[in-house]
Structures are given as C-alpha cells and as structure tokens.
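Next up: the structures, one after another.
Below, chain A partners chain B and then partners chain C, in two separate complexes.
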Partner chain A sequence: MEHIERTQIKVSPKNRLIGWGLVWLGVALCSLGYIVDAREAAFNNVLNFLFLAGIGIGALFFLALEYVTGAVWSVPIRRVNEFLAWLVPFAALLAIPILFNLDTVFAWAQKDIAASDALLRMKEPYLNRSFFILRFFGIFIVWIMFIRLLTRNSTRQDATGDQRLTKINTILSAIFMPVFALTLTIFAVDWGMSLDPHWYSTIYGIYFFSGTATASLAALTLVTAVLYERGFFPKLRRDHFYNLGALLFTFVNFWAYIAFSQFMLVWYANLPEETSWFIARWHGGWEYISIVLILVQFAVPYFVLLPQEAKMNIRTLRRMAVWLLFAHALDLYWLIMPAFSATPPLGWMEISFPILIAGVVLIVLGWQVQNLSLVPVGDPKLKRGLEFRL
Partner chain B sequence: MNMAQKENLYAITGLFDSPDAVLHAAEETEKAGYTKFDVHTPYPVHGMDRAMKLKTSKIGLFAFAFGLLGAVCAVLFISWVTIKDYPLVIGGKPFWSWPAFVPVSFEVTVLATSVLSTLAMIVLYFKFPNNAHPLHDTPYMKSISSNRFGIAVQADDPKFDEKEVTGFFKSLGSKEIAPVYFVPADQDMRPALFDPKFLGLLLVIGLTASAATYFTLNKILYLPPFDWMMVQPKLKAQQPSSFFHDGIGMRPPVEGTVARGYMPYPYKGKPEEAGKYLINPLFPTKEVLDRGQQKFLTYCSPCHGNFGRGDSRLQGQFPNPPTLLSDKVRSWPDGSIYHVITEGQNAMPSYASQVSREDRWAIIQYIRALQRAQHAHESDFK
Partner chain C sequence: MTTIDYTQEPAITIGVVTSAEIDAAISAPLDRFPSRRWWIAFGIALMILSMGLASVTAILFKGLGLMGFNQPVAWAFDITNFVFWVGIGHAGTLISAILFLMRQRWRNAIARFAEAMTIFAVICAGMFVSVAHLGRVWLAGYLLPYPNQHGLWINFISPLVWDVFAVSTYFTVSLVFWYLGLVPDFATLRDRTRNKHKKLAYSILSLGWRFSNRHWSHYERMYLILAGFATPLVLSVHTIVSFDFAVSVLPGWHSTIFPPYFVAGAVFSGFAMVQNVLIGVRKFFKLEKIITLKHLENMNKVMLATGMMVGYAYAVEFFMAWYSGSQFERFVFLNRALGPYAWAYWIMVSCNVLFVQLFWFKKIRTSIPAMFAIGVLVNVGMWFERYVIIVTSLSRDFLPSSWGHFSPTIFDFGVLALGFGLFFTLVLLFVRFLPSVAIAELKGVMENAQPHYHE
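Moving on, here comes the complex of A and B:
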C-alpha cells in the first residue's frame, strides 16, 4: 500500500482574525438584540441554534452512515464530516440564552397561559420547563458522547492504522442510528413543533431531518469543494463529487417529498386543529415565503442538479451548496418565525445571529484542520476510496 | 457456423475473467483506434464509459422527455376525469384539487419514464420489429450472462482485420476468442409479432376481456345507483303529476290564502273607496322623492313620459295615455292614483307585482312634485 501523507492546513493569522472578528461582532449584536427586543432575539436565537445543531448532528449522521453501510467513496472526505460534527457542542452553548428566556419563546412555559389552557394542562407532564431542560441536556450529552467516541477512534487510527478501530466505529454507528432517529425527533418536537403547542404533526421529526440532512450535506459539499479548489484534496476525482451531487439531489427530493406529504395529509383531512399551522403560513405575507421556499428549497436545485454534468461540476456544486444552506435557513425561518409574528420579520437581528454562526464555524473548522489530518491516513478503506470510480 | 461466409462475419469477441481485465482491455482497444466495439458485462462496471471514451449518454434526455410526457398526461387525465367526466364532491373540495393529483401524477411519471425508456431501448437496440441480434444466443453471450466479461470488435470497423484483432485480444490476455457470424435465417426472419394468427389471437383476447368486463360490471354485478337522496317521491317545481285532475304538479294556494305578514289589498274593484280611505303614509322628503323619481323613470315614464305629460317614448306602438298634469288628476286624492297603479285602468295593466307598496306611494309623491312644477304657487318663487 502506497503511503498517503497527512495533510494539515496552516490557518493564516488573517483568517483567524476574521473568524474571531465575526464571533465578537455576532456576540455584540446578539447581546444588543437581547437588550433591545428579547422576544425577537430569542426567536432568532432558536432559529440559528437549530441551524447550527442540525448541520452538526447531520454530519454525525452521515459519518455513522458511512460506517454502517461500509461506504468506500466517502472515506477520503470523512474528516470534513468529523470536523462539522464538532459544531454540536457549540450549538449547545448557543442554546443557553434561550434556556433563560423559555417563557418569551414558548407559550407553554408561561405560567398563566399553561394554567388557563385545557390542552396545555394535559400536555404539562411533557411540556414543562424542568423536563424540557432535562431533555435538552440529555440529548446533547448523548450526541457529544457519540461524536467524541467516533472522532477519537478515527484520529487514533491515523497514528496506529489499527483496523479494529473501524470495526468498533461500525458497531458504535449501528447503535447510534436508532438513537439518532429518536433523539432528533424529540429535539425537533421540543424546539420546533412546541412553538405552537396546540398543533401537532406526526411527520414533523422527519421533516426536520430532511431539512437538516440536506443542509449538512450542503455544508460537507461546500467545505470539500472549497478545500479541493485550494488544492488540499489533490487525489479526489470527479466521481467523488458526483456522489456528493447525487446525494444532494436525493435529499432535495426527499425534503420535497416529506414537505408535500405533511401538507397533503393536513389539506385532505381539513381538520381545524391541523390546518391552523398552514393557515398561519398562508397569510400576512407568509404566503410569499411559502412559495419562495418551494422554489428555493426544491424547484431550482432540482433542475440545476438534474443533469449528470451538473453533479460533476465542482463550481456548480459549490454554488448549489451555498444556495441550499440558505434554503435551509429559509426553511427554519418559515418553520419558526410565524410563531413570533403574523408578518415575516426582517431586521438587523435576522442578520446578527448568522454572523455569530459564521464566526463559530470558521473558528471550529480552522482549529480542527490545523490540528488534525485532513485525510484519515490510517483508514484501511482509504486507498480504495481514493481509487473510487463511477 | 461452418457454413458462414466471410462477409457474414459480425464481430470478433474476446472473453476475460475479471472486471479489471475487461476495463483494461476496453481502454487498450480504444487506444488502438477501434471505434466500433462494445463491452458486455453481467453487471455495470464502474468507469467503463470513460474507459471506452463514450460520449454522455442520451438516455437522460429520453427519460426526461418520457417523464414529462407522463406527468402532463396524468395531470390532464385526472383533471378531465374530476372536472368533466365524473365530477364528485369529495370533502367539500373544489373539483380541480391539485394536491390530490400530485401522488398519482408522480407515480405515472415514474411509470412512464421506466416503461417508455425500456421500450425505447428495445426499439433502438434491436431495431424493432426485429428482435434478433447477432450476439444473441451465442456461447459468448451465454458466458457473459453467467460470470465472464467480454469485448467485441465489429467487422464493419474501418480498422478491422480478423487476424489482427484476434492477436490483439490474445496480447490483452483473453483466453477465449471467437468470431460471431450473422445467421442469414435470422436476418430475414419475419418477426412473429406481425403474424396474422398472433394478431388475430390478440384481437380475440382483447374483445373477450372487454366483453367479459362489460358484462361483469354492468349486468352481473350491476347495482342500482345510490341516489336515495337525489331521487325522492316528491314533486318539484314545474313537474307534471297524474295525481291531480288537471295534471299540474304545482298547486296554487287555496282561495283566500293570505301570506304571512302581508295584508291583501282591501279595495279591489272599489276605486271610490280607495280614494276615500287610503292615505299616503310618506312625506315628500328628499329620499322619498329620489326613490319616487327612480321608480317613476323605470316603470311609468315609458308611457307617461319623463315629466308625466303623456308623451310616450313608444312611438305609437302603444296608445298614448293622457297627461298626469291635468286638473282631473291633480284633484284626485292619493288613494285614487294608488288604486290605478295597483289595479290598472283602461289599457294600463296592474303594476302591483313590479312596484312595491311603499314605492307606489313614493311615485305618487313624485307625481305630485311634477304637477306642482307646472302649477307653481306664487310663494314657490321666493
């Protein structure tokens, strides 16, 4: 077996400064937001928390998927997923301000509403502050534990090349999969669906998953493409990018499928307790957001990614990845913000949290590419992965 | 095969044991300058299209067109069924409820794409209606369909030379090299598809199946339509009925019937009493006069003229009425005018069904205003 060199990237002081600059600018703007209008700031905080956590946990899902299915093609770019997965603990930090402002975001957390509302009284055993916070910490502890175990084994393999570590990671991933399905559903119900505590949809968890999986796949594609264009992945082929493109295309369709399934069942049954959620998203300007969301998250990426050439064109993929990350942010905006206001809000606060997130992503990724090898050099499947051909 | 002539040669084939070997062979064959060659494998081998330097397949465009066709046909068909052919109200939704069409249209799109793409492949590769290919039913193809990988260089390749190709395959490591010949009998074989017997049988089966379906659904399993709500033993407006001696379903109310909250006109045929006892309940306010003017211009002015002078707009098609401004009419009490509007007079029919009671009194106030305009008092000019 030919020897593959470790690749580490030196992050220039200028880039590090940009990252920290964005972080501090974001922190300042967000703090100002909490002072000016705590309610709007808290809702934006929820949105961006879900965005960051979703990308991180989605990356962990794809990481586990690689081990469970024994995929070979994705081994050379697996480290990107491992780097992205470490966004999860930072997302958890981002949630702390919301935990102190639960009653400004969640109607069920307000004592007078929860006490006077018959439905909320019945949901009280699940929707109450202490259990909510318990679930939050429980879920994040489980997630971070799996991230820690999977990435530690992977980096350890760089030095030792021990094949047993792949085996251990496969078993861990197999355990993680059902845990992931359960925890992500609870997470989505807690942070998304309970914003409208009367409303319920049994497909909500998988709807959230379809969006986050698309976004984290887009993040993986974006980081891989950018690193490739800077020459850090010299051995990647068009075939690898084709697979990324095909997966993106798949998940764009998957999102549309789930979103439509949710809509059609509610539309068909036409029950007031279910339709209220869509009615809120079809009035006061939200109808334009709804239509734009269909175009941005499905129609445009569908036709752009449909031809085979587009899935192999790295520039198209990079642009589409940025596009889909924006689409997911719009999707979350559409999911969360109608609970905040009857008309789509847009102000400086909607920008300040993304600035913070961009800074966090840059710092977390930058720190990792500097200290860890960009390619899992000890992985027994690496050589076959690099030779992967369609 | 031994009877085959040299001009009947279709291709030289070589068999390999592994996908890597045939991939290598394909690369080398392409490099050697052959253009008309093909590779046959029991399953898709990754990287083959690039090794053979194939252009991007057109199958995607075909599939897209077929899918679009399926989607459009499905949407049009469902729309026609639900709007025109068999409109049913389902859950109080409009007939053209597009969200309900999406799943079916999606399925039809997938079905049309896959079935039509397969048919197109059969048509293009086997040159429909022919269904024979020289490579079919050869030991070469039999090996391919079990566990071998093969490559075939066609005899019509410009660089083709039987000995050269055989040597070339041998140098690539092929252990089984064989020529494949056209079978003349295959070439001009009439496709069994157009055999009159087959077509006749197809027709008989089709007719039998249709007839059986028709009789099963419409005769044997016939159910009377569930129209218990729509068809009821009651008479609807304008329907005839043999129950009544005059055959008319719609019955007039019993004589002397009075509608609720409605007092019948008490002075039928008694103009003097009407003039004596009826009193105009309205005062000539601006609203009453405006209302009276509007109704007068609508119902009265065609014959009586816009100012009540009896100058009809009907141009002699109908006898002109006398002027309303005469001393006679001016001296009438309001009740008499009311009686004329209600019952009619001479050639004038009753306006009771067109003009409501209140409007009649308003018209009278307006007529009084018209009369006053022609016979103004001194004080009116101040």
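Moving on, here comes the complex of A and C:
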C-alpha cells in the first residue's frame, strides 16, 4: 500500500489575527448588546448557541454514521467532521450567559408566570430551572465524551494504523446513535419548544434534527470545498463531491418533508392550542419570513441541486453550502424569534453574535488543521475511500 | 473481539460463478414440475385464502354487521390490515429503489423478490379498503373523480381519497419498475426454454429484448429515473396513510410525528416480512450461495435501526402526552398501557422495541432460527401497533358515556386470513412463474464481473 503523507496546514498570522479579531469584536458587540437590551441579546444568544451546537453535534452524527454504515467514500474527509464536532464545547460556553438569564428568555422560568399558569404548574416537574440546567450539563457531558472518544481513537490511528480502533469506534458510534436521538430531542424541546411553553409538537425533535443535519452537511461541504480549492485534498474526486451534493439534496428534501408534515397536521386539525404557534409566525411581518424560509431552505436548493452535474460542480456546491448555512440560521430565527417579538427584529444585535461564532469557528478549525493531520492517514479504509468511484 | 479487515471491501459479491450457472440456478424452479412441498404450501395458502374469501362473501351478502366493529370503534380489523399490508410493501421499494440510488449493490440479489412482495402487499392492502371495508363495494367507483350523471364528486379534503390516489400511483409505479427489471430476464428465459408455449409467452413479455448495448443504455437510464420516482412515492404513501389518523382531532391519532413514524414502522415490518419469506425461499430453492447470510444480516441491521426509530416515536409520544398537559392526551396513553387493551399494547412494545434489540449481537443476527423468530415477532408487533392505535383511541375518547369495547368476531379473523392467504398464494405463484432473483442484475455483482478481478 502506498504511503499517504500527513497533511498539516500552517495558518498564517493574518488569518489567526482575523479569527481573534472577530472573536473580540463579537464579544464586545454581544456584551454591549446585553447592556443595551438584555432581552434581545439573550434571544440572539440562544439562536446562535443552537446554531453552533447544532453544527458540532451534527458533524458528530455524520462521523458516527460513517462508522456504523461502514462507508468508505467519506473517510478522506472525515477529519473535517472531527474538527467541526469540537465546536460543541465552545457552543456550551456560549450558553453560559443564558443559564444566568433563564427568566429573560423562558416564560416558565419566571416565578410569577409559572405560579399563576395552570398548564405551567402541570409541567413544572420538567420545566424548572434546576432540572433544565442539569439536563444541559448532562447532554453536553455525554456529547463531549463521545466526541473525545471518537476523535481520540481516530487520531491515535494516524500513528499506529491499528484496525481495532476502527472496530472500537464502530461500536461506540452504534451506541451513540440512540443516545444522539434522545439527547438531541431533549435539547430541542428544552431550548426551542419550551420558548413557547404551552405549545407542543411530537415531531419537533425530528424537525430540529433535519435542519441541524442539513447545516452540518453544508459546513462539511463548505470546509471540504474551500480546502480542496486551495489544493489540500489533492486526491479527492468529483465522485466524492457528488456524494456530498446528493446528501445535501436528500437532507433539503427531508427538512421539507418534516416541515410540511408538521404544518399540514396542525393546520388541518385546527386545534387552537397548536395553531397558536403558526399564527404567531403568520402575522406582524413573520409571514414574509415564513414564505422566504420555504424558498430559501427548500425551493431554491432543490432546483439548484437537482441536476447530476450540479452535485459534482465544486463551485456550485460551495455556494449552496453557504446558502444552506444561511438558510439554517433563518430557520432558527423563525423558530426562536417569534417568542421574542411579534414583528421580526433586525438590528446590529442580529449580526453581533454571528460575528462571534464566525471567529470561534475560525479559531477552532485553524488550531486543529495546524496540529492534526487533515487526512486520517492510519485509517484502514482510507485507500478504498480515495479509490471511490460512483 | 472479532477482527475485520477494513482494508478489504466486505463481500457483497457472490463468489466466482459463471453466468450460465446463475441462469441455471435461478430458472431451475421455473423449468421443473412443482415439488410436493410446493403443492402442500400452495394448498395451505389457498385454503387460508378461501377462508378469507368465504368471510368476505358472507360480509358482502349480509353486511358489515357480521364483523365486530360498531360505534364507537367503527374502524378495526380492516383498517389495521390495510395499514399493515401497505407497510409490508415499503421494504420492497426501499430495497429496490432507495438502496439502488444509494448504490448498495448487495441489494441486487434480493431486490426482485422484495419488489414482488411490494406489489402483492399493495394488492392485499387495496383489497381491504376497496372490498372489505367499503361495505357497498359496487359503489367503489365513486372513489375516483370522474364526471357522472349523479353529479357526485369526491370529497377532496378527505385523506381517504388521498389514499386512493397515493396507493394507486404507488402501485402503478412499482409495477412498471418491477416489470422493467424483469424484461432482460424474460429474454434470458425466452432464450433458454424449449417449451413452445412458454417461449411464446416469454417472447411477448420480453418486448423484443436483444441484450444490445443500446437496449442496456436505455434500460439503465429508465431504471434510474423510475427509482427516483419510486423513492418519494414510497414516503408519500405511508405519510398519507398516517394522515388518515393524524389529521383528525382524536387524542392518540392527532400527532405530528405520525408521518415519519409510520414510514419507519412500515420499513421495519416490511423488512421483517421480506426476511421471513426469503429464508424460506433460499432454503427450498437452494439459493444459499446467491442470497447469503450477509444479505440476511444486513436486513436484520435495518430492522434494528428502524425498530429503534419506532421505539423513539413511542417514547416521544408518551412524553409529549404528559408534557402537553392535556388531560385527554395523558389519558389516552395511560389507557393504552394500563387500560383494557394493555395486553395488545405490551405485545406491541415487546415485539417492536424489546426483542429486536437482540440484533445487537452478531451471533443472533446471523443465526437463521433466531432471526426468523424475531422477524415473526416484529410482524406480530407491527400488526398490533396499528390495532392499538386504531382501537384504543376510538374505544375511549372524550366522553366516558360514549365509550365502548371492540371484540372481533370470527368474520374479523376471516378477513385477516384473506390478506395472508392472498399474499402467500401470490408469492408461491411468483416463485413458480417468474425468476425470484434478478438474473441480469445478479451478474453485475459476481466476483468475476468486477473490474479488478482480472488484474
């Protein structure tokens, strides 16, 4: 077997400066936001926390999926998923300001509301501060544990090439799958659904997953495409990119299917306790966001990614990846912000948190590409992965 | 810990065989007179089918009152059977179309059989709504929107009408997809057979196929397009079946998770049925070299995954019933687990969620008696899942004064027999008259057909 060299990327001081610059600018703007309007800042904080955590945990899902299904085509780009997964602990840091401000975001955390509302009193065993914070830490400890185990085994394999590590990771990934389904659902209910504490929908966890997974795939595609265009993945082929494009197309459809199912059933049954959630998203300007969301998250990517040729065109894929990351942010905006305001808020605060997380992503990815090999050189499936043909 | 060599591709191929050996192995059952075992099996299937037909005939003459349903449980066995059989069909399309789009070539050996089961299962499902449940079958034509002198028009906002469209579209596309795949095999059979009548039949069915390059290139393109069509269709069918329940306002039926939950459950039960029947077929027709243990193991893995998705849906529904704070929602789920139908509920949970967990162990995944038993249990569990959803929600709804209890009569079981009788009769006829494995597709996964073989 031919030897495959480790690839490490030297991050230029300029890029590092940009990363840290964005982080400090973001921190400054977000802090200012908390001073000017703590409520708006806290809601934006939730949105961006979910965005970052979702990309990280979605990357871990695709990482585990590769092991469970025994896929080989994605092995050469697996490190990108491993790098993205490490965003999860930094997302957890982003949640800390909200943990101290639960009552500014969550109505159920306000003592007077929780005590006077009959429904909230019934939900009190689940929706209360201490259990909420306990769940938050529990979920993140489990996620970080799996990230640590899977990436550590993968990095160790670089040096040893030990096949047993692949086996161990396969078993870990299989265990992770049901854990992921449950934790992500609890996470979505806690941080998304409970913003409107009266409302409930059984599909909510899957809806959150569909958007998160699409965004993670988009992040994977974007990073892979950018690195490829700079010559860091010389051995990738159009075949690999075709698979990324096909997966993106699948998840775009999956999101639309889940979103439609939820809307259709609520609309058709027309029960006031359920429709209230959609009514809030159909008045005061939110109706435009709702329509734009359908176009941005489904219609446009559907038609762009439908042709076979588009799925292999790296430029199209890169642009679509950026587009879908924006679409997911819009989806979260549509999910979360109606709890903040009856009209869609748009100001400098909506930009300040994305600046912060862009900086975090650059720093975290930059640190990893500099210190770890971009290709899992010890992986026994790597050669087959590089030889992958459609 | 068993060691797997990850540098090598796992054996999806079927070892070194010649094309002639494949032709012979697969067409052997079609060339010889049926064995005694086949006649016995066919006799049993026909007997079950005639029991079903007798019950349906009696119901048509005397009326639906012969069956156990009444107010408030006006849907019971018929709709349970309908959803069950539509679900069975889903595995076929998943294997033949979705796994094809994912380029999972191990599917080639089992796709034909699974696709045939799809068609038979959808026929069974159609029987239950159009014949058994409708009551006045002679009015079945009104389900279709056509201009008539009565000025009658269908109720487009009824999900039952969507069912008619969804199931008939699904059936049509599945049939075309299946037939297209059969065309090259008909040509092979045409070229092999010495029997004049068979030759004529196969010649007509093979549509003049000559194995030319141009034929193959058209065929491959069409096959891909039809697989692309079949994929959203298979999702839409069970989604719309779930809408039958979920668009209502009945607690236990109205739940937004129903569409993906029903699709996962359909694939789950479908795989169990395909696995069960294939175990029999590969044994009796000596196809062990073609349908390998690896195929069965892969199917068991899919069952494990989809079984856990179903379990996830049960858990989420239970949690949300509590979380909703709605008295009715909470009651429905407590009533399922502890009420008069608790036995059915616990059969459902244990068969669909608990027993299937045994597939975590490779020993059980690769043991034929164990996997067969679990497959049967899954089918039992999935039948009971529909029964639980339908009957428990209807029997006790908002007003305790209108509660009731459903108990099936002998005619309900007769109708149940109709589905199994029809299905197995069709399956047994299929294995005698058509190649149960796609000959042409199988040749593509032979070890000696791979590009690297001659290196």
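Here, the second predicted complex is superposed on the first by the 390 of 390 C-alpha atoms of A that agree within 3 Å, B and C clash if a C-alpha of one lies under 4 Å from a C-alpha of the other, contacts with A are read in each partner's own complex, and residues count from 1 in each chain.
In this section, a residue touches a chain if its C-beta (ideal position, glycine included) is under 8 Å from a C-beta of that chain, and two chains touch if they have at least 3 such contacts.
All figures in this text were calculated on a predicted structure; none of them were measured in a lab.
When the two complexes are overlaid on chain A, chain B and chain C occupy overlapping space and clash.
Once the two complexes are overlaid on the shared chain, A:Pro13 sits clear of chain B and of chain C alike.
Counting the residues of chain A touched by each of chain B and chain C gives the higher count for C.
Once the two complexes are overlaid on the shared chain, A:Glu309 sits against chain B while remaining clear of chain C. Judged by the touch definition given at the top, the superposed model places A:Leu119 against chain C, while chain B stays out of reach.
Touch criterion not met for A:Gly231: it reaches neither chain B nor chain C. By the touch criterion stated above, A:Ser201 is placed in contact with chain C alone, chain B being left untouched. Residue contacts after overlaying the shared chain place A:Leu390 against chain B and chain C alike. Contacts of A:Tyr268 after superposition on the shared chain: both chain B and chain C are touched. Taken together, the two structures place residues 264, 268, 390 of chain A in contact with chain B in one case and with chain C in the other. On the chain A side of its complex with chain B, the touching residues are 260, 263-264, 267-268, 270, 306-309, 388-390.
Listing the residues of chain C that touch chain A in their complex gives 1, 3-7, 9-10, 103, 232, 235, 239, 243, 246-249, 254-260, 305, 308-309, 312-313, 315-317, 320, 323-326, 360.
Chain A meets chain C in the complex at residues 1, 70, 119, 122-123, 126, 163-164, 166-167, 174, 177-178, 181-182, 185, 189, 198, 200-206, 253, 257-258, 261-262, 264-266, 268-269, 271, 273, 379-381, 383-384, 390. By the touch criterion given at the top, residues 46-47, 50, 56, 60, 64, 91-93, 99-100, 102-103 of chain B touch chain A in their complex.
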